[in-house]
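Shared between the two complexes below is chain A, which pairs with chain B and chain C, respectively.
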Partner chain A sequence: MTAVDLALPDLSTPRRQVLLAIADDALISGHRASHWTGVAPSLEEDLAFSTIAQAGINHADLWYQLVLAGTVDDVSAGVDALGLGREPDAYRHAIVCERPPRDFAYTLARHWVLDRFEAVRLASLADSTDRDVAALSVKLRHEHRYHLEHAQLWFDRLVRGGDEPAERLRDGLAQVLPEALGLFEPVEAEDQAVADGLLPIGHTQLRERWLESAAPLLEQAGFADLVPAADAAVPDAAALGRRGCHTDDFVVDVWPEMTRLYREHPGARW
Partner chain B sequence: MSATSTCDPVREEEFLARLDEGHRVEPYEWMPDTYRTLNVKFIEMHANSEIMGALPEREWIARAPTLKRKRSLAAKVQDEVGHAHLIYRVAESLGRPRRAMYEDLIAGKGRFHNVFHYPTYTWGDVACIGFLVDGAAIVTQRALLDTSYAPYARVMKRVVAEESLHYRHGEDIMLALASGTDEQFEMLQEAVNRWWEPIMHFFGTAVPAEQDPMIRWGVKGRSNEASRQEWLNTYVPKMWDMGIDTPDPKLAYDPETGWWDYTEPDWDRLAQIVKGEPTEATASRLYWRQLLHRHHAWLHDIILGPDPAAAA
Partner chain C sequence: MATFEVFGRRKWDAPMEHVGILHAPDAEAALVLARETHFRHDEGVEYAVCPSEHFHTQDPTLLQRQVDISYRLQSGYSGFRDKREAARQAADARGRGDLRERPVPRRHGGEA
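And then the complex of A and B:
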């Protein structure tokens, strides 16, 4: 249901499917990060997660603009139609992004895992043959560096913070890491996007790069047993987000709240 | 610091005389107990209000009707928390630990402004909080640029600068609703009707300046009524320009006195809101806050260092 008289382009092309996956990961994890605004365990982290939320929403906006690329006159209406006007099964984010924030240890574990993933994806997209995609990736990598630093700072703080914090981080990682494998599932017709050079390294191969970056840090921290095996399967509960299958955490929780006001007033300006 | 050193009537008179001359007090200077206590009370309530003010608006980040609004609302609420962060530091410089203030607030023992005790129902409430309630806060905060406690005055400079961006944010949301569909306009009008009395309450009773200890001790520079009049003078014409009805039939500008006449709000209701049992909205916001706080007890020492009370 697109709420406005707005002809969105055909979203099923490999290019748009790839870009939607990137944008939707950012939007939904940003939406979840905004949960902490006003209620985080410290004022400093309140500020940090509000920044992370804004970056997610903003990055989604920028990627949606590339999805639209010249196909609609009113770009901001087009962006909202993509961000807030699609049915749940049209979203392409990985299921790990839609999980609720749970406690702060889970949030920090996910933040760490997602940011290391985003770092390898952005690094590869910087070599995209699509110049707009390459340019945006280069730009976002600069900003993204601070997220990585923040995530690593907290990872280290919890690891060295005594038994309980380290144990809670371990529990968080134990929940996140298997589900994070859903990040590396390919979108529909991704092979074509890889062949075109739009996506220089497919999601499946990004998994190896991510493991190379994350595994040594997990091992040093005493979490070697949590490192996913190279051939580990995505758990059923976290699979097929890239193909539009989502859990109640999205379909019943995030999506209705996030899109209701937009959908209730078709064509309204806000 | 001995008790006698802060209760010295002669020094106190000298101190007040210097305040009257416009002297600004630094944390390392001698100050009377009354001055310290009044400032802590006022500044702590200000910081608490920034935190509690973040909660009604945060409820709408998840529901914002466009990505642009979602982002700007998140940024705006973040600013409010940032103000609390700065302002708690000021109270700390007067000897009240941040951890104690924060824990009192979460336990429901901290005081904060009346306007943050109310529920939100629609995006119209977001417009009213962003424009009218924040507008009221801007009026009173601008008056604090001349406050006598120097660290507070310095922090208020930055807070007021950010608030002027919030003013644009609120005005933009309000104008979009006022010029939107009939449903959007109605959403806005209903919210204005809801917020009118809380805003009139916000400035407090018309206690004469000479009877207000906060003014005598240089915390506030201006009377409650002067602030209320400035708000009416700024915001009522703007609302009328947008076609919004102000819900007080008696409201009128008197060109002779240069003041606005209005219906006296129900002051008992204000007392009930700020001093009585918490409203349902406050109880529920505090409940969640307490729950989240308790669930993260394992983190507090990492964040804040060991609790000085427990260590002592």
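And then the complex of A and C:
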């Protein structure tokens, strides 16, 4: 259902499945990050986190534009229709992205894990044979550097900050890391996307690269026991996000709030 | 938490200017946070932070003048045209018309 009279392209092609998953991860994690605006621990952190939230939504916008790629005349309305006009089961983000912010330690743990994942994913997509995808990935990697620096700053500080900060980070990571494996679930048409060269690597290799990047940092910080095993399965509660199955955290919390204005004012422009 | 002074350059050929302060635990964190606290709207091309405690601050009473230094200030020469006219009239009144003939120095480009 779209609120405006706009024919969206077929979203089931391999390219659009892949790009929607990337865009939806950015939109939903950005939306969750925005919950800290006005209530972050300090003014400076409030501004930093708000920027990270805005960047997520900005990046989603750019990926949605690639999903549309010339299929609609009104790109802005098309992006709104993709970001806000789909039913909950048409969103392809991983479930870890839709979890509520809980406390700041959980938020930082998720921020750190998602950013390390995004860094590895963008690095791989920079080699895509799809020139638009490769070019956008290169651009976003540069933007993404700030997110990584910010996340690593907090991570290091909490680790060195004494018993309570390190314990709270540990609790956050213990909740995030198993669910983060849902990020690596393939979209249905992944094999075709890899064969086409759109995806330079499949989800198994992507997960290996992410572990290579994250595991040493987790080990140095004293969290070796939290590093997911190479063959660990996605917990049932966080599985199948890439296929459109979402929890109440999305279906009755994020989605109604995020899409309400769009649904109540069909065709509105802002 | 410490206070940091934040400086930024609007363009590469512009000097570093003070843009404000922020609070952060150390310089590393201050550098990360300064970007969004003071430069989130493209306010510059480069920035730097400095702990406020590293500022050597002069005793402010040294800037409080006890004597008239208006002769050093541009504002001390305001109303010059009226003063000059009054001086001419006083010279005429004393029969010193020759003073009137003396060319009045003019600033390059127009009236002083």
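One rule holds for everything that comes next: the second predicted complex is superposed on the first by the 269 of 270 C-alpha atoms of A that agree within 3 Å, B and C clash if a C-alpha of one lies under 4 Å from a C-alpha of the other, contacts with A are read in each partner's own complex, and residues count from 1 in each chain.
To be clear about the criterion, a contact is a pair of C-beta atoms (placed from the backbone, for glycine too) under 8 Å apart; a residue touches a chain by one contact, two chains touch by 3 or more.
Quick caveat, the model's predicted, so the values are computed rather than measured.
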item	value
First (chain B), second (chain C), both or neither touched by A:269	first
Larger contact residue set on chain A - chain B or chain C	B
Which of chain B and chain C A:79 touches, first, second, both or neither	first
Partner chain(s) touched by A:58 [first = chain B, second = chain C, both, neither]	first
Contacts of A:47 with chain B and chain C, given as first, second, both or neither	both
Which of chain B and chain C A:70 touches, first, second, both or neither	neither
Which of chain B and chain C A:153 touches, first, second, both or neither	second
Which of chain B and chain C A:260 touches, first, second, both or neither	first
Contact residues of chain A, present in both the chain B and the chain C interface	42-45, 47, 50-51, 157
Interfacial residue positions of chain B with respect to chain A in the complex	51, 54-55, 58, 61-71, 74-75, 77-78, 81-82, 84-85, 88, 102, 123, 173, 176-177, 179-181, 183-184, 288-289, 292-293, 295-296, 298-300, 302-304
Interfacial residue positions of chain A with respect to chain C in the complex	42-45, 47-48, 50-51, 146, 149-150, 153, 157
Complex interface listing, chain C residues touching chain A	22-25, 28-29, 32-33, 35-37, 40
Complex contact set, residues of chain A against chain B	27, 31, 34-35, 37-39, 41-47, 50-51, 53-54, 57-58, 60-61, 64, 76, 79-80, 83-84, 103-104, 157-158, 161, 164-165, 168, 257-258, 260-262, 265, 268-270
